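Got some structures for you, see below.
Both of the next two complexes hold subunit A, though its partner changes from subunit B to subunit C.
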Partner chain A sequence: MPRPFPGVRPIGKPFWLMLPGVAWLLVFGLAPVAFMVAVSFWRSSIFGTTPDFVFDSYARIIEEPLYLDLIVKTLRMAALTTLLSLLVSYPLAWFLATRRGAWKAVWLVAVFVPFWISYVVRTFVWLPILGRNGLINQSLMALGITDAPVEWLLYNEGAVYVGLVYVYTLFMTLPIYLALGRIDPKLLEAAADLGARPWQTFRHVVLPLSWPGVLSGCIMVFLLAVSAYVTPRLLGGTSGIMLGNMIASQFLSNNNWAMGAALSVTLVGIVGALLLVTGRWIGIAEVFTGGKK
Partner chain B sequence: MSAAAPRARDPYRWWRTGLFLYTGLFLTFLYLPLIVILLLSFNDSTSTGFPLQGATTKWYAQVLDSADLIAAFANSLAVGATAAVISTSLALLLALGFRHGVRGQSLVLNLILLPVLLPGIVGGIVLLIFFGYMEIRSDLWTTVLVAHVNYVLPFAFLTLYPRVHGFDRTLEEAAMDLGATPLKVFRHVVWPMLMPAVVATALFAFTLSFDEFIRTVFVSGHDRTIPVLFWLLVVDEIAPHLPAMAVVIILVSTALSLAAFAIGRRADRST
Partner chain C sequence: MAAEAVAVSIRKVGKRFGNVAALDDVSLDIRRGEFFSLLGPSGCGKTTLLRSIGGFEAPTEGDILIEGRSVLHLAPYERPTNMIFQHLALFPHLGVRENVGFGLRMKGADRAASARRVEEALRLVRLEDYGERRVDQLSGGQRQRVAMARALVNDPAVLLLDEPLGALDLQLRLQMQEELRRLQRQLGATFVFVTHDQGEAMAMSDRIAVMNAGRLQQVGTPAEIYERPANRFVATFVGHANMIEARLTGRAAEGLAEAEGPAGLRLRGIAPPHGATDGGVLAVLRYEKLRILPHGADGEGIGATVVEKTYMGSSLRFACRTGAGATMTADTPNAMPQRDIGEGDMVRLAWSPEDVVLLTD
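And now, the complex of A and B:
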């Protein structure tokens, strides 16, 4: 926490200065979340959702395989997306961190600018690549490798991984790049002078020092992937849907607010549990800075 | 990796070549879909896909002529500007209050960070439930504006706070010693120093709001912002003019982001 300013009187009492912001956050930030938690205990029937205090929705989430399986699948998909992003991003981050001079800026711009584009658009662009008339199928057919379009490229779990990694891998690359950039090059020289092979240097010097960046990247990508909605909806078909799609369908088609709220609380619980566990190694604020205090 | 070592014996040479090739592969993965969309946006065919059928600009004509897109663009600009002003003002007041240290400050900080940690889809759903139960109709100036301010406020606070806390307070003390009232100190000393950062923050907030999708889509009612309009068209059916619309959206939001970034940098440097 910052030191107060003893010599300077504020233009108003801090209480009054902070009141508008705090009021907004309480009314529009906290209250709707608290209300959602309350609604998750309401009773839902064909006549709609009525105020009550029952555990019906949570019981169904635990008892019905439909929900529990989807939660397990969503966790698995988010974990695999995180792992894939890590494998894709680490060498890239190392490449960027070891550039010098004017070219460094060029490489950074080339890698990071596309991530500025809305992820709705960046997910959509995969449809004309993976689809029936897409680039891959038409190329395969033109080359005579297949006679008919390959159907399994799109609308399944695999397509969702491609989309999620494409959309979110920046959040892995950036913190690892920042962490690698903070490593003193003298350490690598010292390791080489002492006779370490490149692989040994990587294994015993670079990898441990980049750990905070890896950790914050993994947290960010997992949190984004576990609450994905756009990518599974657009690329996943029926077999690739995730928890976010199930939550949305409670409001858009099933009209079961209590269940939608309970599933949302479950998702927030997953996110909170992850931050609680990883909080032992890395603070929430440091996640955003790649582990820099 | 010392510079004096002979090149041929550089133990990292294979690693470097490998990394270089790998980065080339990654950039292909990154840019190929964007290039494909650009090609398809000029494709003279009523079905979206390959093989390419010859060039046309008719999809662009259709997109730029679309009243829906223009209305969505106006909505995005209006709600983005409003959300930027509200969130930056609230963030500035919060940051000014934080300077003087009050009890419960860490609690308030957690409250500020809450919307960042809340999954995006939940951030939209909670407002759908909350406003829905109060029977307030979802539209641009109710739920969408609230959703955008909620989303942008933490980022505005996190960019403004270091600036508000970091500047030289001896200037303020000097003005105080010379008899200026707190209001005069703020007006003539603090505000001129903070103004560039405030402008830069507001512009950053605008670009975040302009691209916001997941917190908006469930609460936009009959109003559409640009990402929501594009989503509804894509989910409905893959129409042949969608690649052209994607390219237009990419260009518009990139141009707005670059402009906001340039103006923010210039305002920030002029002090």
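And now, the complex of A and C:
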């Protein structure tokens, strides 16, 4: 087995050094998941949820189209959010990676500083922009393009995409930017020297070499979007609702913990399976090891 | 020189980076099928000139012609040149075969034909069994040869090489020098080779251009550069020489002239052009052209004492002081009779006038 740090000889086996990490993983990682799985098998009635081991909640998820439809819709929305983020992020990352000198720092700050602000706030800002009396409607009417406010800007699926892409785009931009930054500029010259036109250089050198960044960005954004709660809540209205909202309401208003837990477990299961399948397909190890085999 | 024999023509090319003149009024013609080296110290503008030919730098002045056509308006991918980069710049995401085939693929060449040419190129650089490898699974010398194949497979009118052997150890370096020379002869291609290693330039080149501080110092065959350095810079940069400040005292027959060095040292050597000097000259005498003879040998040469003897393996170096007080250094083979000469010994120093070059600069 290759050692992680070639040239550094391990001194005995200081397994106790791993204890804090392992403990953390058990207490804050595995325990909540185990608890959630357990709760999903509890029995729920109008009086609340009681510990048990029944498959009621899972049965309902399979039987009632309401749940399955929402799961499919959530996966679809997460996928589309990921795609849109990629389309926004790749050019942005390329732009950042190709800046030089003092301006580079300025651009980086301009892009990344907004992300220090809570994503809740950054979601809220879309209300005065997309709203009935918001910036866009005011502008449209001031310019005489429309007489009355456009109603479909907010409280639907489209508004959720706007919010999600805006809030999570950094998680796509950053890994792509880093991957692009690692590409040796000499390779681009070499490609040009060998007769590759600019788009061919992009297609055959830049894109494949930034692929690990693209993959990790996609996985991040997909994971974040599939579990979105705040954005659909604030911007989505009733038609833009996602599974996260349904799960929350099971816990908070329906007092049906078992159902909430079962929905969570189902989502985690599906996403995990998806990751495994795509992992097989595109070599997920590359994503986590930075492309080194 | 017939015009069609010129592969690359550099005409009064200048290149400034801000205040730095990386190239200053450089003009030279590189002949077709020639192994041409650009030689000079670090920072003298070799890479800049090579990159200007390849299209990666735009000269601020002058013109560059390839096969008689100005190429200044052409992008690198439109020029009939290929470059081997100092650090090779092999594509890490592609295997050996894909690296070599990259150029053909970009030009949309026929698949079967390119596959054949790739195999041919791999055979040319003796890597026919390595096509399947990833480039990070190769040794330095093998990577070197992949870079060579990747450029040569495109059949460039001019191959540009930027110190491609710089990163290799000495043994491999010598081996690759031979390999490059073999390839160049076999293909009859025009090679423009950048190096700061004079030995490398001497051993490989048909002609050498010596550069310093962005300016061309001399263009010539290795022998011309070595035997007839055009100025003080070339004389010091290439090989080792005694440099003696002297005054021209008179001209002799057959292009020779008389000069007088310090402490009354009389020198006869190849004369500088007429009118090039007000009298001050620099006498250049290569170490190995200065013969050192044991004391008591017949009356040839001048008397001197050995001040320092340095053992250099295949040769010996003697620093001597002449009777009149001038210091001169001689290299001799590590053999009899010089081997037995020691420090403090009396010797005689002799040289032929044809081996002394009198420079005005």
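Convention: the second predicted complex is superposed on the first by the 242 of 293 C-alpha atoms of A that agree within 3 Å, B and C clash if a C-alpha of one lies under 4 Å from a C-alpha of the other, contacts with A are read in each partner's own complex, and residues count from 1 in each chain.
One rule holds for everything that comes next: contacts are C-beta pairs under 8 Å (C-beta built on N, C-alpha and C of every residue); 3 or more make two chains touch, one makes a residue touch a chain.
Here the structure is a predicted model, which is why all the values come from computation and not from measurement.
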Per the contact definition in the header, classify A:E189: touching subunit B only (first), subunit C only (second), both, or neither.
both
For this session: Determine, under the contact definition given at the top, whether A:P208 touches first (subunit B), second (subunit C), both, or neither.
Result: second
For A:G279 in the superposed arrangement: first (subunit B), second (subunit C), both or neither?
neither
In this superposition, the partner of subunit A with more touched residues, subunit B or subunit C, is B
* Asked: Is A:G48 touching the first partner subunit B, the second partner subunit C, both, or neither of them?
  -> neither
**Request:** Go through the superposed model and pick first if A:R197 touches only subunit B, second if only subunit C, both, or neither.
**Result:** both
Contact-wise, after the overlay, does A:G269 reach subunit B, subunit C, both or neither (first, second, both, neither)?
neither
Intersected contact list for subunit A, partners subunit B and subunit C 189, 192-193, 197
The subunit C residues in contact with subunit A across the complex are 54-56, 75-77, 81-83, 85, 87, 89-93, 102-103, 105-107, 150-151, 154
In their shared complex, subunit A is touched by residues of subunit B numbered 1-2, 11-12, 15, 18-20, 22-23, 26-27, 29-34, 36-37, 40, 47-51, 89-91, 93-94, 96-102, 105-106, 108, 111-115, 117-122, 125-130, 133, 146, 149-150, 153, 158, 165, 169, 172-173, 176, 182-183, 185-186, 190, 211, 213-214, 218, 227, 230-231, 234-235, 238, 242-243, 246, 249-250, 253-254, 257
Residue positions on subunit A within touch of subunit B in the complex are 1-5, 7-12, 14-15, 17-18, 20-22, 24-26, 28-33, 35-36, 39, 88, 91-92, 94-95, 98, 107, 110-111, 114, 116-122, 124-129, 131-135, 137-139, 142, 166, 185, 188-189, 192-193, 197-198, 223, 226-227, 229-230, 233-234, 244, 247-248, 251-252, 257, 260-261, 264, 267-268, 271-272, 275, 284, 288
Listed in rising order, the residues of subunit A that touch subunit C in the complex are 184, 186-187, 189-197, 200, 204-205, 208-209
